[in-house]
Structures are given as structure tokens and as C-alpha cells.
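Below is one structure, written out as C-alpha cells, with a few remarks after it.
Chain lettering (A, B, C, D and E) follows the sequence in which the chains are written, and residue indices restart at 1 in each chain.
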Amino acid sequence: MRTKIYTLIFVALAFLINTKSFAQEVNLKNYRVRFGLSTTKQADNSRKLEVSYIASNKKDRKDRVPIYGADINFYNVTEDKDILLGTAKTDKEGTAQLIVPAKQAYTANAEGYINLKAVFDGTDALDSEEDELAIKDVFLELNLKEIDSVKTVILNAYTLDSLQTKIPIDETEIVFSIGGMISNMPIKREFVSDGAFKFEFPEHISGDKNGNVDVFASIIDNDNYGNVIQKKNIDWGINKQITHETNKLWSEAAPIWMYVVLSILLIGVWANYAYSIKNLFDIKKEGKELELKSQNEN
Amino acid sequence: MKASDTLINDLAPQKFGRKGVIWTTALIIISIAGIIAYIDQVIKGQVVTNMNDYALWGIYISNFVFFVATSFVGAVTVAVLRLTDNAWRTPIVRIAEIISVACIIMAGLTIMIDMGRPDRLMNLFIHGRMQSPIIWDVIIIPTYIVICLLLLYFPLLPDLAILKKHFSQTHPKLSKWYGKFSLNWTGSDKQKKIQLKSIHIIAILIIPAGFILQTVDAWLFSTLFRVGWDSTNMGAYFISGASVAGVGALVTVVYVIRKANKLENYITEYHFDKLGKFLVLTCLIYLYFNINEYVIPEFTSKKEEVTHLNHLYSGQYAPLFWFVIIGGLVIPIIVLLFKKGRKPLPMFYIGLLVVVGSWWKRFLIVTPTLLQPFLPIQGVPESWHHYFPSIHEWVITFATLAMALLIITFLVRYLPIIPIQRTADEQEATKTNKPLSS
Amino acid sequence: MENNSTNNRRYFLDNGLKLGLAAIIGGIGFSKLASKLYGKSETNSGEKMELMTTDGTIVEVDASEVVEVAHSQDHETKYNLREGMPNRKFVMVIDLAKCKNALKCQSACNKHHYITGEHAWLKVYKMQEEEDTAPYWMPTTCMHCDHPACVTVCPVDATFKRRDGLVLIDNDRCIGCRFCMAACPYSTRVFNWSEPDYGEASEVVLNMNMAHEEHNSIEFAGMPSKIGTVDKCDFCPHAIKEDKLPHCVTACPNGVFYFGDKYEDTVTNGDETLRLSKLLKEKSGYRLMEGLGTKPSVYYLPPVNRLVDFKEGLSEYRNYNSVEKIDDL
Amino acid sequence: MDVIKRKKELVQEFSPMLEKSTKTSKVWIAFLVGVILVGLVAFVIQVVKGHIVTGMRDNVVWGIYIINFIFFVCLSYSGAFISGILHFFKTPWKNSVSRIVEIITVLSLIIGPIFILLCIGRLDRLYYLFLYPRIQSPITWDIIAIMTDLLGCFIYLYLTFIPDFAMLRDNSENAPKWRQKLYKTLAIKYYDTPTQRETLHKITRTMSVMVIALAIVAYSVLAWIFSLTLQPGWNSSIFAPYFIIAGLYSGVSVIIIAMYLIRKFYHLDHYIRKVHFMGAGVILLIISLLFGYFTFSEYFSRWFSHKIEDVKLLDTLFNRYFWNFIFANYIGVLVPVVILFFKKFRTIKSVTFAAVIAILGLYMNRYLIVVPTLESPYMPIQDTRPEYIQYTATWIEWALSFAGIAAFILFFILIMKLVPIIPMSGIIDHEREQKRKPHLSNNH
Amino acid sequence: MANKKTENGSENRRNFLRLGLMSSVSAVAGASLISNLATGEEKKASGEKVRVLTPDGKMVEVDAESINNYPEAVITPEESRKGIPDKKFVMVIDLSKCKNARKCVEGCQKAHKLDDHQEFMKVQLMQNNEEGSPYWLPKPCFHCDEPPCVTVCPTGATFKRDDGIVLIDNERCIGCKFCITSCPYSARTFNWGHKEKFDDKSQPYSPETQVPAAEGTVMKCDFCPDMLRQGKLPYCASSCPMGVIYFGDKNEDIVTNGTETVSFSQLIKDRGGYRHLEHLGTKPNVYYLPAVNRQFPVERGFDVDEEILDRYKDVPIVKEFKEQGKL
């Protein structure tokens, strides 16, 4: 039902937009186009490919126009051919995102780098754009353990070579953070060498109502690895009792005493009214009888 | 003439019986004990009390406020009843006046007990500062004492003259004193006119004086910042509270005197009925003020107010608080609303309950607030978090109460407790069916 | 504390007072003499001490004699004790970020004012406005309000406000009604419930009495304390007059207290001297219970980016510590 | 029978008042209707354009509508209070004033709440008050109190009218048909039999007690609307008793003015006598003293303890509202006190004058309670638009206010056309009493 | 290095990425956005326009709503009365960073379609006492835990949700204005007259957006629950260039101003956080960090419209500045 209505609205609006929106002739020479590819390996091992496609005015730095609705093709570049991973359109912020599932196999080059490429084919007005990225596939192993009753965060980070042997990564900044609703809170930043790092989990970290916390380990915008995120959920937070107050002056239900006082007052008063009115009817009744009597007498 | 003879015989002061003597002696003993305790306090300092830097005012001040409140009965009954010309007041007014005198005198004395340096009393007059509410108190209390005394004295004149005559044979010495105090009262029209005019003026004066007295007393508290005191309501609150305390005390004393002096013919159940209605009215008004005083801060729930009120409602003062509200106000109201409750004996108990409730009410006004300062109580002995009066304080307080009773007893012993002249006039008037002019 | 700061601390007012006090006291030398005297007399007596006389020779005299000399040169009449020092307005700034409840201020204050009994004049509160805000230590002195509620209600003018900002008590006039205590929202006043117990330390009492004779008792608040009268922090006018800082300021190891003159716009904690207005502006100074309209002369700097952790103070924190008797000082 | 004859006499005496309309009264009624029409126009404008046409803005969100509301409602409560007391204590001179008081009570209780409706932004959603009631809100209490009180006052007023209706029914053979019919219905077959009289008397008495109690509760609830907020000038535990006294002050004053006007225009010198004015004068004196006391307490303690918010409020009062303050709290109290205190000054005219001053002063006092407080909130008002900083009522608000007053007077006149302003049954009762206890007569 | 960097300041992008990565929820929300766009469903119009460049090289202004879609459309009134489960929102305002840039006010006004003068967020110039330093105080609604406004509402039009947010349902408000008088923080405004935008019903009304407003009802800051449901910061917080406003969940104990994310309790502790007018017992959910070691002199804040400047003319320090010629 709802979707129907929305479609209706949409149709109506599409019409409106068509009439209202107007095309503006712009000299694209004044604009420098920025086309950038980035990638993030997410906690479920899927990989997010993201292109940001924005035109910015050469003179007025504040004038940035995102390119909307451009088709971007994402490829895995191998020595012989480019394997198409998928296509996405840019949104109103000029970004196109493609989530490549975890099971996708990439072809890496001899050094273990995966070459990724995003391509915009170009139109009459816009030139074609292309951006390439070479990253290594990193595996972050995040372990949360209590060692001698000390809550410890253990991280192992490695890449795999062609023989599937683990090669620990070196001198890479890894950020550990706690999951938050709006944004994650960093608790540790460390340059990891030899692919392993462990530290004591800080005290006084609040969790959700069951005390569960999301612990994140991430590599951010690394030249070799791109972005990598790993997360684990554990009940190391402070178990908070979330109570909701009821029967306060401001809550929906009033304090009990208020109901009691009000009812007593009202019942008392209205009972008296009823009593008075009842008596009025008694008076009327008597008067009627009197009238009847006098009529009879007459 | 015969009627007036019995009247005089009935109403003239009489010697105490054995009970009276025991009563007086007991009061004297308690008073002396109190004086001894006080001397000890002066020597050792107020360290003998349980007051401390937080509970810096204790039952001395509560007691003072109680006395001031009770003394208000003079203003209330005397002036209001006199000015509205209520017929039933005659046998009651003088007792009320006596209570007023006794209480206001004792109020003046008790406040000195609370002074850390009673030896510097004169500083109040040498260095007095008009800005301070205490100076207002210092001014108004003596004024009120004088007005109360005058209000007691002026209507006494004809009675004193009668007594002079009455005792001229049996107790010539006493008669001489009565004569001196009666100021050669002959009952001439000119004298009567002067007397009536004076009474009228004093009766009008005592109303504002009483109001100011209570208000100033209230301002001792409400001009300060403290939570629970800093309330615009305080003046009216104290006035209504004072009426309750005063009328309660009046009921009690009237009952005792009626019993002791066998005045059943003069103070009848009719009077008790009226007094009961009066008391219930004052109680209702006071209850109303109480509701306002507590509900509004409860509802707006400012931070400090909430802590303070929680102390009263459910904290350490809860039993006392509910006793004062329920025992001192609600129960009297319920009992007195019924005709049966306005019979002398139940009235006596209710009066007593009201007086006790009023006394503790003053305690609740003073102490919990002091123990709830803005900055937390820290770094002081554990005992400073609470306050309960020491033996010294109790003995001295009881002594002041005993002294007040002693003054009443003394006045009852030597003064006609029911105005003789006026009663006679009234009896005359009802006989001839003529309205009586005040 | 560091020696090099002693001078600084003692003569913090030098610059400001040059015209005023130098003339009053009659030369810096004498002020030195007086201050030294004072410094000595509280710790020991009957001891010989070196002094420089006005003609420049050094003599060794008994301490008690010196007091006599000082007494003969009474300089306290040079300003009206109830009016205050001319053209001054004393203020204190307390930096809550620095306080760790070392309580040195309190003990120094107790010592110099011969405070006995249960309630010290200077208190350090453990404060926490509400559950979610941080706890902190808050030293409180008398606030020396510009709208002093205590002074308003005093019936005999025993407590009074001077033009230099100080609120003092004349304990020869106080009648002990304790109205001022009830009026003070900062609970800063104490009452002498009994005769102050100075113990066996007759020397102390002797010194105190001498000091009392030397100075007007108003200036030496509570010296000696009198039964049945009210005492409170007095900003140490006896010290200020001699170019010294109040005792709490000098005693504090963390420099929590800044003291100074508002007209001069400088405050110092002994180590550093700062512009008052700038300090308040930068550190967002505030006053306690501003809403009451008492206009205190004591400013607080919020406990921001604290030097010492709150917890460190907990070791010193007792629910109750009786003020040490004079004997123990 | 004697009584029946007397009844006839009385009806004859009062019937010209009911039936005849003089030219002046017609002009007067036309004028009042005109004022009400202007008010209606203003109302329509306000409904169409929204509250933007009033002088109220985000800081002063309550203006003279609320003040009128308090004023009328307080007037009504005090009417209820006074008439309850008159009945309950069987006051001797209740006859002359009780009906005036009762009419004032009901009328002002009808007109008062209209003003609160004017102040409500979404009149169309008024029924939400019953759809989603929250009994924690003082406004809900107030609605309950006003409705209960309104019904109670109606019943009570009706009870006191019944015997008169009966009398009019029995003795208005010459009156137009509709009148006869109206009286017949309204008299609900009351024939003044002893049992009927007894029953009526009993319920009137209980209702009078109820009305007193209700008035006090309703007053308090009204005052609590203000004192239960945190605003510096309002959050005061004295407000409820203060409102009671203020209400009585306005009530007694309006009664005096009404007495004066009715006496003048209907030539009722015989019933509304000087002694009534003197009595009312003394009562007004006592109330004005009490009112002065409460006003003083209210402002004095604020001034003495000089809390910052209170000082801000007092500054506003003593600067911007200086003359208003002087008028409201000095002239409005002291002039009546001075006039009424000395016996010499107490004439009918001067008592009425005092009452007029009292009314004006009291209205200003209400204004000073509501507006300056809203103009000095806790957070400073930092705005550049003058109308957001200071409140000035617009012509719309004034037009509606005057329309309210006009409606009050108009309805008063109309009711007086229906029933005699002096309760005839009261006169009969009084005469009956007199016969029984002749000696009491010389008092009144 | 095989990977190629685009020229545009890598720093910028880094930050952007950092934030993106730091946010777990927004990724999901972003995904849903994409899908919405792709299907082209559920589109509504509003007055707001966004300028984009189409692949055929045309600069097009399109309606923001047609390419953007908030999930609040599916928030039922019951849900909007209950709030987001197990959350307790707090705001922390760092007074030492505020320079009266008024971006928070503008952002808020734009999002809630307010008039120029109707401000949910006000920036006030405060000075606690004559000696006290003046400071800029951004003042939203405090969303008190003991809200006096909610207590006095006769119809339950304003209510407190379990997540701490105090909202107004303008479909239930009868406009009695009692809540305005009972609010000690002057946080509420009233729609005095009729405005055209009230008639724009293209977006269904929700108490969570307060759009479209209605004549004769009360409005106030709402902590932008529509944004919170998407895991985004309220508009004031996200539009502040100085990072003055931190926002977050007290149960999580995490607050963020968009660029840094910190522990709420630690922040309050380190920086001496306090609440305004604590003694009134209203228990606000907005905390302030005192203006200690402030980043900008207070004078910087006078760099605004003459008209806005005029608001503060009664503050003593402004008079002083004027005398000194600083203004």
C-alpha cells in the first residue's frame, strides 16, 4: 500500500522535477575533476570499493559539484585481462560504492599485490576517468582473552603469500576502538611490528545493556593495505542497569497519590452535586403531588 | 444584689487547694532546676548543649518561637472577638490575655538563653543595627509585652475595685494591694468612658502588633537563604501557626482552670463548642498554609528543596513530621468537626495535642533546615550530622515552660479569672433583654 | 617550600604598597623587623634573636623584648580598623585544578589562628555536583562577600564589612546570637561553644595575649577566641598589613591559593604573580552560588586538566579530624 | 394568607424592574453589544491570522488574556466564597447582596475561561484536553476545578433562585406567555411547603459549604499554575493564599460597585442601604490590609534576600514598571485603606471610589505578576526585536478584553431582567424570622 | 608503489575515510541510501535544492528529497514516543572552543526549516559576574531528566522518551504555552502566526523532525532523532567548524564531535564539566565544559552580523568593549 502511494508520489514528483529542474550551461573547463578509488576490507571479509567523483572549481575552492549518476566499473586488473567486479552509480555526494562479497577471489601479482581499478567510461561532456590501486590482502586476527584475569586484546596481522604462508606485517599503524552508535572511540593506536600486538583492555568501558562491546581493530588508509577493519564482540563492558522511571510527575502515568487525591476530591464534590440534584427532583415530585391533589380537590 | 454576691464569691480568686500547692511547688522546683542548669551553661559555655556549628539553633529557638506563637492568642481572641463583638467571649478573654502575657514574657527571656554572651545584652541597645531582623524582634517584643499587660490590666480595673471591697474584711492586706492596683476605680461614667476608649485603642493596636510580632519572627528565618526558610510564605504561615498554637493553649488552660476553680457555671459547654469551632478554623487555615509550604517546593523540586523535603517526609524527621501534621492538625480537625468532639474533655486532650504538635512543629522549622546547608557537612564529628537536645537544654526548656505556667498560675491565683463586672452586667442585660454595648 | 620564593611571598605587596604602607610603617627595615618577629614568635620564645636596629647595627635580643618594641611603635592605628586599608580590595582565587587535599592550608590556618575545637575555619570539601560530573577538592575560606548576608543580619554590628573587602568579626562585641551563622550560605562561621582550650601551652597564650595587645583584636580575629562568640576566616589582615600573604596561601605546597588586590589587578600564590582579570578570563573563574547574589570575593577556577588526580587526595581525607590542640602544634 | 399577599406585593414592587426597559438602558445595551461585536471581529482576526496579531511573543507568552482570566476567575471564586459565607453563617444583610454576588460568580466564571481559550494557540484542538489528559499538569487541575466549580455555582445559584421563580410563577399573570412558561419550568413545582422548604434549605446549606471549599481549592489551583513553575517571580509558596486574598479584594470591590450602580439605576435605596456600604467598606478595609500584608511579604522577602534572579525581577519592576508598581501596590492598597479606615470618610460614594481604585490596582497587580516575570527569565533575553523583549498588548487584545467586560455587564443586565436583583424569598424569610424573634430586628 | 593517489589533499581524504571507518552504522545507512537511489522509489519533494553534475555535463539542481531519503517515514508515532531503545543521549558543549561562528544555528535552522529568527540553538553571550570572563554559550534544549515542561503539559503533547530526548508532538499540542513559561532555560519557541511552509505536506509530519511545523504550536530543539536513527550526529554538532559540540550515548559512554571520539565520563572529568543551573534540580542532559584556556578571545565572536551583535548590547562586557573601541 505504502509503496504504491510512494510510487504515485514519485510519478507526480518526477513530473514536477522535470519542469522545475533546469539545466545550466557550465564551462567545464573551470572545473577540475577528481576521481579517486579507495577500498576497505570489512569485518566479514567483504571488500568495499569506493569511488569519489567530484568536480571542483579551479578558482572557487568552495564550489564543489559532485557528479551524480555516473556509471563506474570496478575491475580486478591482472596481467592479462581486467576482471569486472561490478558496476555502481555515483550518488548525490559523488561516491559510488561496490561491496564485493568475501568469496570473491582476486588475482594478485607476483609481489602479492591485488590491482584494483575503477573506470568511468566518459561521455560527450566528461572525459573518461580511471583510478588504480594496488593493495595487499591483509588478515587481521583479533582475539580477546582473559589472561590471568587480565582482559587482553591480542592482534595478529599477516598477509598470505602465494604459498599461503603467513607473513606478519610490519610497522603498520593499527587503531583499536570501541564500537559506538555514532562513531567509534579509539582506545589504542599502535605501530605494529612483527604482525602481533597485545594490550590490556582498558577499564570502565561501557557496553550495551548486557555489557557487550564491539572491539575494532583497523588499518586506515595504508599505502600497502588500504583500509582493513576487523571486529569482535565480547561482554567486557560494564553491565549497566538501564532503568526507566515511571510514575514521576513528568512521565506518562502520574504518581499514585495524585490519582487518589483527585478521585477523593472529585467523588466527594460530584456526589454532593448528585445529592443536591436528587433532592431537587424530590421537591419537584412533592410539588407534582401537590398539584395533583389540588386538581383532584377542584 | 444576691446574684452579684454569689458571682463575686464564685469568681474571686481563691486560695489553692492541696493539688494547687503541689502543682505550684512542682513548677517552682522545675524552674529552679532550670535556673541551675542555666547558670551551669553560662559558666561552661553552650558546650553543655548539643548544639553545634551546623545545628546552631536548637530547642531554645524552637521554644522561643513557640512562646511567641502562643502569645499570639492574646491578639487573636482578644482583639478579634472583642472587635467583632462576639457574646461568648467574656469568660475566655482574660485567660487568653493571661496566656499572652505569660508567653510573651517567657519568649523575651528564652531568647536570652540562646545568646552566647548574655553579659553583652546591652550591646543590642548600644550598637543596635536597624537592618537586622533581630533588632526588629528586640523592638517588637517589649512593645508587645507592654500592650499585652495593658490589655490585661485595663479591663481588670472594675474587678480589682470589687475585689478590694470583697477582701476588705477577710484579707485587709490583699485588699490594700487590690485597691492600689484598682487606681481608685469607682465606676463613674467618666472613668468608664476613659477605660472603654483605652481598651478599644489597645484592642485595635494589638492586632497589628501581634501580626508584626509573628511576621518579624518569621523573618528571622525567611530573610535567610536557607532551604526551607527562604519562603515568601513564612509571615502568613507563622501567623496562622501562631493562631493554632495559641488557641490550642487557650483551650487547655481554660479547661484546667474551669476544673480547678469549679467554674462550670460560667464556662459552659457552649463556650467550648465555640472555642472548638474557632480552633478548627485556625487548624484548617494552618493546614492550608502547610500544604502550600510543602507542595510547591515538592512539585518544582529544586535540588536542595528535594533533599530537605525528603528528610522530612521519609528521612530521620519523618515520624516527627507526620506526628505534627497528623496529630497536631489532621486529627484535631477531624475530631473537632463533630459536635461530640467539642465537649470539654475531648477538647482538653485535643488542645494538649495541638500544643505539643505546635511545639514540635517549631522544632521541625528550625533544626532540619540547619542540618541541610548548601555545602555538605564534612570534616566534623559524626554527632554534628544530627541534633538532639542535651539534658541541659531539656531542663532549661522545661523550666521555661514551667515558668510560663507559673506566671499563669500566679495570675490565676490573684486575679479574677472571669471578669466579674462584665459578667454581672451581662446577666443584667439578658434579664432586661437589652443589648450590651462594648 | 623553596627558599627563593620566600622574599617574593613576604613582600608580594611591596610594589603596590610602596606609597601606602612604606609611609605607614616607616621604612622597609622596620617592616622586615616586624615580619621576622612575627615569624619567630609563633614558633619559639625566650630565645635570643638577631635584629637590625634602625641605625644599622645588629643586636641580639630576647624575643619578648622585641615584642615590646613593636608594641611601642603601634602602627595599627594608621588606618581605621572598621574602614579597612585605604584603596584596597582584597580578593582570593582558588585553583581547584591544583588542589589535592594536602590540607596544609588548614593546618597553617589552625596554627596561626590558634584554632581549637571541632571546626576549622578553612575547610576542604570533597565535592561532586552530581553523579556524572567529576569529584574534586574544594577549599573554602570565608567568601568575604560584597553583599554579606551575615553582616546584614547582625543585630549589634559585631560583624562588619570593610571597604577593603574584608568581613571581620569584633568578638568583643558579639553577643552570640548565631544569626550570622544561620544567614551564611557557605557554612563558614564557627561558634566557640566553650572556653577555647589552649591547653597547657602558656607560652602560646602569652604570645597570643601579647599579639592581641599589639594588634587590635579585630585584626587578629579570634585571638584569643572568646567563649560564646562567633569566629571565621579573616583573610589574615594582620599578615596583609605587613606585606605578607594569608597563612593558607603561603602554606599551600601546590600554589592553589592566589591572593591579591583587585584594584591592583594582581594576585599571587607566592610563586607566580598574575593579573587577576586575565587569570579569571583565561581560566574561567567563577564564584560559589552566584545565584544567591552574595557577590563573594573568592573566585574559583574550575578543576580542568588537573595537575593531580582527585584520588591522591583521598589518602588525606577523613570524615572528621579534630583540630589539633595548641599543645600539638 | 398573609404571606401570599406579601409575596404578591413584592412581585409587584419588583416587576417594573423586570419588564420595563428605559431608553438609557436600551442605548446602554446597544453600546455593550457594539463592544462585543468589535471583540468578535478581533477574535476572527486572531483566528485567521494567528497569535501573531497579539503582543505576545516567545518570552512573554502570556499577556492580558491570562490576566483577564485570573481576574475574572478570581472574581468568581470570591463571589462563591462570599455568598457561601453569607448563606452558611446566615449573615443578616445577605438579602441585599447575595443575589448580586451569585450573579457575579456565575457570569465571571463563564467569561473568565473564555480568555484562557483566547490564549490557546490551537483552539481547534481543545478537546485534546479530554482526549489525552495528563493529571500531573496544573492546567488539567484548573480545568477540572473550573468545570466543577462552574457546575457547583450553577446548581447553587439555581437553588437560591427557585423560591423566587415560584413566586414569579404564581404572581405574573400579566407577563408575556414565554415568561410565564419560563418561570413555570424553572420553578420545578416548588410550592414553598414546609418539607420543600426544608429540603431546599438543607441542600442550599451543604452546597454553600461545598462552594466555599471549592472556591479555596480552585483559587489554589489557579495560583499553582504560576507558583509550580520555576520562574523567579512565581515560584513562591505564598501565591495560593495571596490569590485568595486578592480575589476577595476584587470580589468585594466589584460587589460594592455593582451595589452602587444597581442602587442608583434601579432606585433600590430601601434595600441596599448605607449600612450595607459601611459593612462592605469595613470588610474591604480588612481585606485590603491583608492584601497589603501579602503583597508586602511577597516583595519584601525577595528584596531582602537579594538573590540574583529576584534582583533582576525587582529591577524590572522598579524601572520599567515603576509607576505601574506604585499604582498597583501602593495606591491600589493605601488609598482604599485610608478612605475606609476613618469613619468620617466612609460615605457611599467614597466607599465606591475606594472599590474602583482597588479594582484598578488589583488588575495592575495581576499584570505585574504575569508580565515582568516573563520578561526576566533565567537565561538573559538576547534579541533584537523589541516586541520579543517587551510586551505591549495590541488593540486585538484590548478589544477582546473590553468585549469580555461588556459581556459581563450585558449578561448582568439581562439576568436582572429575568429575576429581581433582591431575592424576594429572602425578604419573606427575613420577615418570617422577624416575627419569631422581634428583638433581633433592631440590629439590622 | 602501484597505487595512485589523487591530487586532492590526501589529508582531507584521510580524515574523511577515518571517520567513515570509525562509523559502523553509517556504512549501513549509506548502503540503504544507494539502494534507494537505485530503485528510485519513495521520493518526496521539499524546498531544498541540491546542485549536481550529470554525466552529460549538465549542472542540475534537483530537489534534495528526490535523491535523499530519510527512514523517518517509517517511524510510527508510537516509536517516536518511545525513543531509540537502550540509549541515553547526552550533549557536551565545550565553551572554550566556541567563537560564535553560528554554524550550529544555521545548520539547525536549515534542517528544521526554521525562520531566520526562530532558533532552537541560541548562542548567548554570558558573563556570570562583573569580574567573570564573558563566554559564548550555545544553548540547545537541555532535555532534562526532570523536565518541568513535560510535567505541566496538559495533553502529553510534549513528552520525555526513554532515550532521554524531550520531544513535542505538534499534532497534539494545543498551544497553551504553559511549557514555555515553565522552562527555566527559555528553550522553547512558539509559532505565532501562519506561514506558507506549514502547508507543505510533502513530508509527513513526525515529532522526530518537527517538519512541517504547525501554527499555534510549540517547537524546540529535538536532538535530531531522525539523524540519530541513521547513526549520524545532530545538525548542530556536525555543522560546527570548531568541534564545540560533542554528542553521544551516555550508556555507551562515548561522545563525538565528528572529528574526535572520546569517553564521555573522561571528558567531563578532565575538563570540569558542569550543567547549567544545576540547583534547579532539572537534571539537564547537556553538559558544559568551562571556557578555560579558550582557543579564541571572546571578541572573535563579534565577527557576525551587526544585527546579531545588537542582541548582546545589554551584556556589560559589550558596553565595555564599545567604550574601548574594540567593536
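Just so we're on the same page, contacts are C-beta pairs under 8 Å (C-beta built on N, C-alpha and C of every residue); 3 or more make two chains touch, one makes a residue touch a chain.
Just so we're clear, the structure is a prediction, and the values are computed from it rather than from any experiment.
Contact with both subunit A and subunit B is made by D, E. Traced through touching neighbours, the fewest hops from subunit B to subunit C number 1.
The chain with its Cα centroid farthest from the Cα centroid of subunit A is B.
The greater number of contacting C-beta pairs, out of the two interfaces C-D and B-D, is seen for B-D.
Inter-chain spacing, taken between the CA centroids of subunit C and subunit E, is 48 Å.
The geometric centre of subunit A is 18 Å away from that of subunit E, both derived from CA atoms.
Rounded to whole angstrom units, the spacing between the C-alpha centres of subunit B and subunit E is 62. Annotation for subunit A: residues 249-250, 252 touch two or more other chains. Multi-chain contact residues of subunit C (touching two or more other chains): 149, 152, 290-292.
Looking at subunit B, one finds that residues 223-225, 299-302 touch two or more other chains. Pairwise chain contacts present here: A-D, A-E, B-C, B-D, B-E, C-D, C-E, D-E [touch as defined].
In the complex of the two chains, the subunit C residues touching subunit D come out as 147, 149, 152, 290-293.
Put simply, subunit C touches subunit E in their complex at residues 96-97, 129-130, 132-134, 136, 262, 276-277, 280-287, 290-291, 295, 299, 301-306.
Those residues of subunit E that touch subunit A in the shared complex are 1-8, 13-14, 17-19, 21-25, 27, 30-31, 33-34, 37-38, 40-45, 50-64, 66-68, 86-88, 146-148, 150-151, 156, 159-160, 162, 228, 231-233, 247-249, 251-254, 256, 258, 261-263, 265. Touching subunit C in their complex are the following residues of subunit E: 95-96, 128-129, 131-133, 135, 250, 265, 268-275, 277-279, 283, 287, 289-294.
Residues 3, 6-7, 9-10, 13-14, 16-17, 20-26, 28, 34-36, 38, 40, 42, 48, 52, 55-56, 65-71, 88-89, 91-92, 94, 97, 99, 113, 115, 123-126, 131-135, 177-186, 204-209, 214, 216, 218, 220-221, 223, 227, 229, 231, 240, 242, 244, 248-252 of subunit A are the ones touching subunit E in the complex.
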